[in-house]
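A short worksheet on the structure shown next.
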Amino acid sequence: MIDNLPFLVVAGTIMIGLYAILMKKDLIKMIMGISLVESGVNLFLIALGYRWDSIAPIFTGAPSLAMVMPTVQALTLTSIVIGVATLALLLSLVMVIYRYYHTTDVRKVTKLQG
Amino acid sequence: MSDSMSKLIRTTADVMFLFITVFGLYVVLHGHLTPGGGFQGGAVIATGFILLIVAYRLDDFLAWFKKSTFQSCETTGLVVFIGTALAAIPLGYLFFMNFLNGAEGLFGQAVSYGINPGVLNTAGTIPIMNIAVGIEVLGGLSIIILYMTSGIRSREEGE
Amino acid sequence: MMRSKAVWFTLVVLAGGLFFAAVSLPFGNPAMSDMDDYFIVHGQEQTGANNIVTSIVFDFRGFDTLGEACVLFTAVSGVAVLFRHRKKGEDYEYE
């Protein structure tokens, strides 16, 4: 079971992120939970493509020819950039909400119009 | 956000900005030989600009680099990327085809399978796309931070 | 009170499911790797790049990179819309 350490870390990170989204009452902490879940998913994608005793898939001065799987690393690059874009828009929305309500407590941000 | 930092921090930021920009350009340009590429190098160069925003006042920074500079950087990067992808269609290939690979030209030296020390003159259209995406990402991330910082400032003064 | 109990129950069930899946997945021996073996063996002569990940991102699956560049552009324009300066005489609805 200690061989599966990356997958256990992924499960722990996603659970901490879900706890922060569901149980906290502040907008900034919920956004931190969303970022934690995205980081856990990126780590899971990279840990899926690992082979024992292999090196990174780059041929410049490589010590051997056994390589890990390169496709999942390409998907993770795209996922990281999309996470950054989503986080920027979320934080901008929180700034506009604070400008109107003067608080970030999610129980007081309840009006839907006006 | 309304006052600049001490002289030690401002001098260090001035020196570090040059080294960070050179390192970011190295990561962008050698994307087909070593780990890195367009997105990673663009984020490194944007970090250099954000260091200048933190160390100086926002008005001083806007006196050096206007907002329209970064906007034009971002749009130029995206247009060059799409143009390189579309340039393969009049030559008879498909969309996004690597038409410079193997042709002896600017980026056209051929590479065979095996371990070799990297040569910069290879990989066809990939370095062109790396540079385009690097310029787009540095413009995009700097514009995000500039708009959020000036949004804070207008709230403090206006209300 | 009932809502807090339902949330805790959901979290415990999800934690149990995730940890069971994390223990039972095989780590280090991917089951099917035919596509990645093709990319590693033929990537250098078909694209000319030493870095296989860059050749996948920009040549074999370049269409996904086009979509990602457009997502970044859309996020930047969304932030620019949210932080417009108010001009004299222009009235917002909530001020």
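Here are some notes:
Here the chain labels run A, B and C in written order, and each chain numbers its own residues starting at 1.
The rule is simple: a contact is a pair of C-beta atoms (placed from the backbone, for glycine too) under 8 Å apart; a residue touches a chain by one contact, two chains touch by 3 or more.
Source: prediction; values computed, not measured.
When the C-beta contacts at B-C and at A-B are tallied, the pair with the greater total is B-C.
The greatest centre-to-centre distance from chain A, using averaged C-alpha positions, is reached by B. A straight line joining the Cα centres of chain A and chain C is 8 Å long.
Taking the mean of the C-alpha atoms as each chain's centre, chain B and chain C sit 21 Å apart. Distance between chain A and chain B, defined via averaged C-alpha coordinates, is recorded as 23 Å.
Multi-chain contact residues of chain B (touching two or more other chains): 33-35, 37, 114, 116, 118, 144, 147-148, 151.
The set of chain A residues touching two or more other chains comprises 58-60, 77, 81, 84, 88, 92, 95. Listed for chain C are residues 44, 50-51, 53, 57, 65, 72, 75-76, 79, 82-83, each touching two or more other chains. Residues of chain B touching chain A in their complex: 33-35, 37, 39, 114-118, 141, 144, 147-148, 151-152, 155, 159.
Listed in rising order, the residues of chain B touching chain C in the complex are 31-35, 37-38, 74, 77-78, 81-82, 85, 96, 98, 101-102, 108-114, 116, 118, 122-126, 129-130, 133, 136-137, 140, 143-144, 147-148, 150-151, 154, 158. In the complex of the two chains, the chain A residues touching chain C come out as 1, 3-4, 6-8, 10-11, 14-15, 18-19, 22-23, 47-52, 57-60, 67, 69-71, 73-75, 77-78, 81-82, 84-86, 88-89, 92-93, 95-96, 100, 114.
Residues 7, 10-11, 14-15, 18-19, 21-23, 25, 27-30, 33, 35-36, 39-40, 44, 50-53, 56-57, 61, 64-65, 68, 71-72, 74-76, 78-79, 82-83, 93-94 of chain C are the ones that touch chain A when the two sit in their complex.
Residues of chain A touching chain B in their complex: 56, 58-62, 65, 77, 81, 84, 88, 91-92, 95, 99.
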